[in-house]
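Read the structure below first, then the notes.
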């Protein structure tokens, strides 16, 4: 295991999310463990993206607790440190109004990685996701699939302990999908935790060690993918 | 054929698109005919979305001509009228900062459809795409799949002669994908032209009468789907 | 200072007719100016953001530059137009509140238009293709964008309102600071300053700022409520 | 009018030392004021957009309201501070260009900060979750958002610059309009107006507006070039 | 500062007349001291002096000057020069002031005709003089014809010109004023229109002002050299101020 585990397990205890009174999610009790690739499936509007945001500490639960490996709660300021050891690829990633290169480099600069090292890692990530030729392009002008790859590259360079992926191959062509799935597997092999949302049953079959089926804000099934789907 | 055909065929004659000197697309010579469902496939960055934008008159070709059934050129102001008889669902649809209902109603109001009729059609479209319960929600807070459905509903109410769909089911769950494909088929059955971009080989097989394979801005294959893929 | 302010506040609270009249005229003039200027500046600013025409860059530069139109200059221009010797002299508007509204509207127009142009441009970058596809003409896009950007545009209007309530150079020239007719808060403040009543001047300034604060607080409150409803 | 303007233009072209000195001082004072005010106002405006703290709404309202701080009032406040009888009297800054920079910076600060707050808020709505996920602290998000919004923020700075070059009330009080020392374009215009030299006043106004136009055109040109490079 | 200067607080009318532009260079050539003139409303000039922000003042408001000295703000008030006030009004003179023998009569005619009269309304020396003149004829001016402006002399003249109103002006400002439109002098020459200017040193015991340099100026104004300089200042062939 290349990456030390501190943010896992992520434990949900009676978590609900009801931003304006109406409950969108929960109550949820479950935990995300190290070592497994968890895939979350479910219909549109089930709450999959909200669930990832809660795990990543971007949303605070209305009730209940989310705790992680070293005890930080999603409501607490220490979760910022936890979040720094996670990364997320959003369903609709937001790219900075800068070049592809600057986008990929950005979070490394934030973390104070030395310039030379950051440059090397950025180059590697861009080429892993097939973007090396586009490095100087302005990121906002990329095609849909290219944008999604850049978001993946941007998460990739961070070498997070936990990687949340919200439909990460939805805009990718078949070849790129294969490549990205391979990258994710490599990531998993290095000891990182992968939590992924997908609508593709076949992708879920390929990628899931554990599968969660979410419907109307509730986990209705949980277990090996063959059982759930 | 329910809808009169005036905007078809769309004819590309030596069309290239090179916004800042570098050619992104073409030269292209082909035409989109009435009656067939055309599916465009190809790797990320091939130029599929650019091609739809050119057909829809959102981009002007750098060289060559795009003409449509009644002779209007994509560069000319008359294309505005042509565009009004087309509709497009973008790869990344932009929703107005308004309610779901207001979004779906918006383009009907633009076209001066009487209020009562507009209301009836909006209700029908929202329920066709499974959004009736969300009508009062603010559109920007919808989930990814819900946003895509709203974009579909918004195009649907326009009853266009030509419908451009850029990966229209990429964010949809399997059930919704089936429903949307059925809706598109119904649309086709009513005599409208469907031009659709997809990365899903199986979807291309299901939906294509004619398939275009685009690579690096060039149409490398064109014909029945079985031949192309 | 404390005394002067207490004194001035007392005049307001006690309903001193003269001071209340001045306060009321200030508000009337500035709010009317903002209203009329914005009525034109919002669509014009949006139109410049949306339409491409030869000389568009020059128009944008001009509008941005006119945010720096000195009140004294605006005052002089309107004075020369409205003076008996001027082309509009027969209207008899000089030294009336109407003239003050006109000159303030002239000052505010470029501010609201230029800032609106910028905000609508930014929104248009996002909406451009989608709206065009939906069949929105540029003309029709103007109200759409103004509506969708309304919460941000409030700040633009407040900038214009601030400019109007604060300036003295223009209303002094076209209004003449006539007691009971065209005397407003800023001209009173300038007058007391030139009389050497610095503390009274500051106290009047404090009253004016209090009013401005109240109006801004109201605008903020209404905006927040509306936003909540929308969300 | 034509004559007066030709005369004034001639003075500039012929390099009339007095007029050139006035023009130069105007630019120096206003540009310095914009520079110093923005140095603070850009990050402060952005910080208010990003941070949530008790009383945030009140701070926003205050900032918006202070866009309407009357120059005369700002002038008085700074005068009372810098006067020999005031707390900072020993600095000897009264009736110097430095005092004019201070008072103009005071006037511009709320304008730049309030408009920046609004623009950065809008950008933050879009970037919020993504930046947080990437590990950007709110503090670190300030430069990120200012940089990504730089093309829009230029208009904000131009609004501040316009305010500075246009106002007369504040520089008159703290500068004193001393010939050769603190006389700037707007105070000259006001002076010529009270001498009844309306045409000369307007001609000076035209020169000032020409300068403002030039600076705005430069800002626009630089912005367009930079945008092109970025695109 | 290697350049020696003093700050003088004065009124707009003195500044607008161009007097300082003429005499200050002469003073500077003789003494090496430059004079920075801050020209503001009378009250503000005295307030600036009282706060120690000027080293000397030169104003024309006898009552306010006395108060200034009595309050301990200034010392050593000296008469420097004088000119006179004039009544200006529309050329067609609707109130018939031109035929008046005294300024009092002129004012009475204006009030009787209810002809527009623009009052400075700013507590300046000129305004106080005007109020005295009304008091002398026992009229309390009120009504729509009497417009209390609250403006400096120049601004008041601009306004009066545009509304074709009578007003009281000091001769120096009037002579240097260009935007007369239809205005002209309708009355002048009454002893009651005397307009004396005084120089006062700011009290050095209150604030650390440059009293030594200021005194050089103060003395120079009433010296042979200063008085000559004042008498030599002309605008369009008119002498504006008469040295005492």
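When the chains are written out, they are named A, B, C, D and E in that same order, and each has its own residue count from 1.
Operating definition for what follows: contacts are C-beta pairs under 8 Å (C-beta built on N, C-alpha and C of every residue); 3 or more make two chains touch, one makes a residue touch a chain.
The chain list, named the UniProt way, goes like this: A, B = ATP-binding cassette domain-containing protein; C, D = ABC transporter permease subunit.
Fair warning: this is a prediction, and the values are worked out from it, not measured in the lab.
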| field | Minimal step count in the chain contact network, chain C to chain E | value | 1
| Steps needed, at minimum, to go from chain B to chain D via contacts | 2
| request: Could you find the chain whose CA centre sits the greatest distance from that of chain A? | output: E
| Looking at every pair of chains, which two share the most C-beta contact pairs? | C-D
| message | Suppose chain centres are the mean of their C-alpha atoms. Which chain sits farthest from chain D? | response | B
| How many angstrom lie between the CA centroids of chain A and chain B, rounded to a whole number? | 30
| Taking each chain's centre as the mean position of its Cα atoms, how many Å separate chain A from chain E? | 79
| Whole-Å distance, chain C centre to chain D centre, using C-alpha means? | 18
| query | Where the CA atoms of chain A average out and where those of chain D average out, how many Å apart are those spots? | reply | 45
| field | For chain E, residues contacting two or more additional chains | value | 40, 152, 155, 158
| task | Hunt down the residues of chain D that sit against at least two other chains at once, touch-wise. | result | 193, 198, 231
| message | Can you work out from the touch definition every pair of chains that touches here? | response | A-B, A-D, B-C, C-D, C-E, D-E
| task | Flag every residue of chain C that touches chain D in the complex, lowest number first. | result | 57, 60-62, 64-73, 76-77, 79-80, 111, 114-115, 117-119, 121-122, 152, 155-156, 158-159, 161-169, 173, 185-186, 189-190, 193, 198, 201-202, 205, 208-209, 212-213, 215-217, 219-220, 224
| query | Taking the complex as given, what residues does chain C use to touch chain B? | reply | 126-127, 129-130, 132-137, 140, 144, 148, 230-231
| note | Per the touch rule, the chain E residues reaching chain D in their complex are 7, 12, 15-16, 20-21, 36-40, 48, 50-53, 152-155, 157-158, 161, 176-180, 207-209
| Across the complex, what residues on chain A touch chain D? | 53, 56, 58, 80, 83-84, 87-88, 90, 93-94, 96-98, 106-107, 110-111, 138, 141, 154, 158
| Complex contact set, residues of chain A against chain B | 42-45, 48-49, 91-92, 130, 134, 142-146, 149, 166-167, 170-177, 199, 201
